[in-house]
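Before anything else, here is the set of structures, which you'll find just below.
Below are two complexes that have chain A in common, paired first with chain B and then with chain C.
Showing the complex of A and B:
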């Protein structure tokens, strides 16, 4: 190797080294930036969770509310606009600050009621929810945020409340209320808000409030409708005086099946907060022995005068037969959640998996596909070549059923038995539909099966691009 | 003794609206009848309400009707009867 070549080589190497170094330092910068971002995110999450979550194991540790007898200057300044209302005044504001409120359910009703109670200067706020934040909550559960998806709802609401009014003592309970813990929790509060989403917890809260003598500010919402009643106060009735028998579980529609426009529980939750503040400040509730019925489509508020206490009410009468909490899931025949349940009506030979159906489509086997969801849901997503017969129309004499029969007829030239597959969102309605169709089409050469797990499973296992709702 | 009839408005809320498939209807009912008879008359016209029969609030002109009450009620032409099942969502 001569000197000349060697020095050229050095020059090339030098250039290469410089470029290399530049690239590496850019890379280091990028990594530093990324690290900084992650650290900030981590810090934020830690700050969010900088509150002790209460559960069944540490129920007794909740912070005390110290009673005040005069307002501090900061409180006077903060609450000045409501202090000058003669109905509230200093006395009312002090009462509000000395009141402990338990909100059960940190969802569509719990979020608006919690934030307005905190804004008004409520003393202590307990937030009960067993669930974590999901993307599909955000359209109505407006205290949660995109970066708190996956975090406990009770902690998420606590974070929001701390941001608005740090003087509120906020206690997140990450747990379900049930007959063994409800009394212990409720005893530590003055007023309870029913912001739940299921029948079993509604009866539980009613009985627990009767047994502990607490007013129950109850709200509910579905689709465009909402209802408010304040139970168990001012000599008014309790929930059981009005509804001694729980509804058959199959007649109860939850928000994930029936839908709800977010602002509707927003309105109802705000009214719950207002009723609570009137009780706390001494004005008294308006919806005791009254039922507010809100219809968001018509824009109407109706107030129904309700019955007085039922003389033979099993829990709130003078001679109650229920003197301690019972098993409410058993009493109602339904779980204390609003999660859609999975039913099993069909035996395995009447069902196929999404994988098997995907294979049938891939190999172009002759078949008919029926989707039994509503037309509104069909607009969101559907599989190709579907006949839509909404579950309420299955088995009735209508155009859709006619379409199905024609489709079957067409295939009888190609195959001896025509396979008919029925699909819906979760694989519950599709099973009922199969039962109806098997009976109705018994004279046709068909085999009718449902697709197990429905379109949700399809999206999970076959087509990740398929929308889930 | 046959009682004369009047036409009253029925308003359906929540699950009853879903079952009947509409928000409003009219129905002819006797002027004098017991609360239990009032509900029977409504059920006869809308048998689809049977599954929620034990779980509703019935209000006549925005006032609760106790079905076990044995005092007869008196209906007028155009009275408003609301069928209100409880909602449980939130």
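Showing the complex of A and C:
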């Protein structure tokens, strides 16, 4: 009996052991595969970083461009189709090969301009960007790839350029330009491309280009529109001649708030590359003292004649008051990035955390939830039982506001004061909305609060399945 | 009203670069300015625009009596600076464009 029991036990143990072993060996396989993936990624990353990244500490080490006076056979073959254009010719091609171009911003404008300049045989290309590649960049920043997510943008562009034309000397700067390093960087180049995304850096580049005497090929894009002007060349105006005073920060929209269709900066970046090649080859720029306005919705290109150099311009006139770089973030009242900033308009008692709101939902407390994003954003994702009042409509006399009042009315039978929570993507607009609603609904029995950090925090802390955009 | 708009001056106003968002998302406006004893300058037009066309947040379009920094004004495709800015006298069929400069990339 004992023997029988023990043998049954052994059998069970054996089955268990086998199952266990199989599970563990599967686990080992999984770990091996994971390790292999990481090792490959690491190897790829190292291969990409084959080029030395330049930063504030090794600024002086950048490779020089060796000047050529004749074209090699390989260069003749590669550039034959543009070489036979009389406007370019051998002379123009040699000039292009002897030109150093600095691209500031390796994003939606920087990617297309970099790749066309490299394809055309530009001699040396500096790429400046402080940022790393993210998934949400890929729809417009087309030189970056899925397997380079997380890698420095300047290194990623360098990898793409080397793949297309290995004879271009490409220098990745993983850093932001500021008033203490911009002159040193720009001095090493002949032409500068403004492919940045913020006002402060645009003024910095303008002043640095005026002080060092470099042409500035400036592009910008948002939504379906783009603009190009070439500053500080052919006796034309500089950026400050046109815009002596920076725009109020609240009037500036970035791509993550306003949106942008990827091909629009693509078109603008290509025109920047074209203008640069015309300067480099000696043809000269077309958009000097002119503004190109591209409207992708209407399909129109419009060229506008701009004012000439301003006689009393603070930086480019004969008697400038700005003779060295200043603090541009202070001058513009905004940061030198396009990252959305978080504002704090409300005191803590007028706000709740996403955790607290999650509890309110879980415990089914009576409340009204208002989302102040646009209908287009509501289509992407929303929390259940939301009343949508776009921020521009909050406080106005309209159907949505009527809906809110009805919802509050219904709950006044159940609770003494009706809690109203306001949400948006990041928790900025929701605060402005609370301020407006508190004033507007002051005669109703309500408490109105905003959900701190908005839907981005909701996705991060409460529901990882909730979409982020 | 109808009679005065017939004898008034017809011009076209355009808004771009995001400025149209303050004008009900309409980029192009054909308008008629009433006959007036004083000339229609751009200065006078801006007040008219504020009272008649601007749908929201005037501070995003105007600052004092002129446009806010960062908006270019063009008359018939030329920078208004070449034409006297606020004092420019508007003529029949003029095309006046307000462009908000973009900064994205």
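One rule holds in what follows: the second predicted complex is superposed on the first by the 428 of 469 C-alpha atoms of A that agree within 3 Å, B and C clash if a C-alpha of one lies under 4 Å from a C-alpha of the other, contacts with A are read in each partner's own complex, and residues count from 1 in each chain.
Definition applied: contacts are C-beta pairs under 8 Å (C-beta built on N, C-alpha and C of every residue); 3 or more make two chains touch, one makes a residue touch a chain.
Everything numeric in this text was worked out from a predicted model, so none of it was measured.
Placing chain B and chain C on a common chain A by superposition gives a clash between them. Of the two partner chains placed around the shared chain by superposition, chain B and chain C are both touched by A:227. By the touch criterion stated above, A:278 is placed in contact with neither chain B nor chain C. By the touch criterion defined above, A:425 reaches neither chain B nor chain C.
Using the contact criterion defined above for the overlaid structures, shared-chain residue A:255 touches chain B and also reaches chain C.
Of the two partner chains placed by superposition, A:79 touches none, neither chain B nor chain C. Residue contacts after overlaying the shared chain place A:153 against neither chain B nor chain C.
Chain A residues 105, 107-110, 194-199, 202, 219-222, 225-227, 242-243, 245-248, 250-255, 258, 260, 265, 291, 293, 295, 298, 302-307, 338 lie at the interface with chain B in one structure and with chain C in the other. Looking at the complex, you find that chain A touches chain B at residues 105, 107-110, 194-199, 202, 219-222, 225-227, 242-243, 245-248, 250-255, 258, 260, 265, 268, 291, 293, 295, 298, 302-307, 338.
Interface residues of chain A facing chain C in the complex, by the touch rule stated above, are 105, 107-110, 194-199, 202, 219-223, 225-227, 242-248, 250-255, 258, 260, 265, 291, 293, 295, 298, 302-307, 338, 392.
Contact residues on chain C toward chain A in their complex (touch as defined above): 16-18, 27, 56, 59-60, 63, 68-70, 72, 74, 77-79, 81-82, 97, 99-105.
Residues 13-15, 18, 23, 51-52, 54-55, 57, 59, 62-64, 66, 82, 84-90 of chain B touch chain A in their complex.
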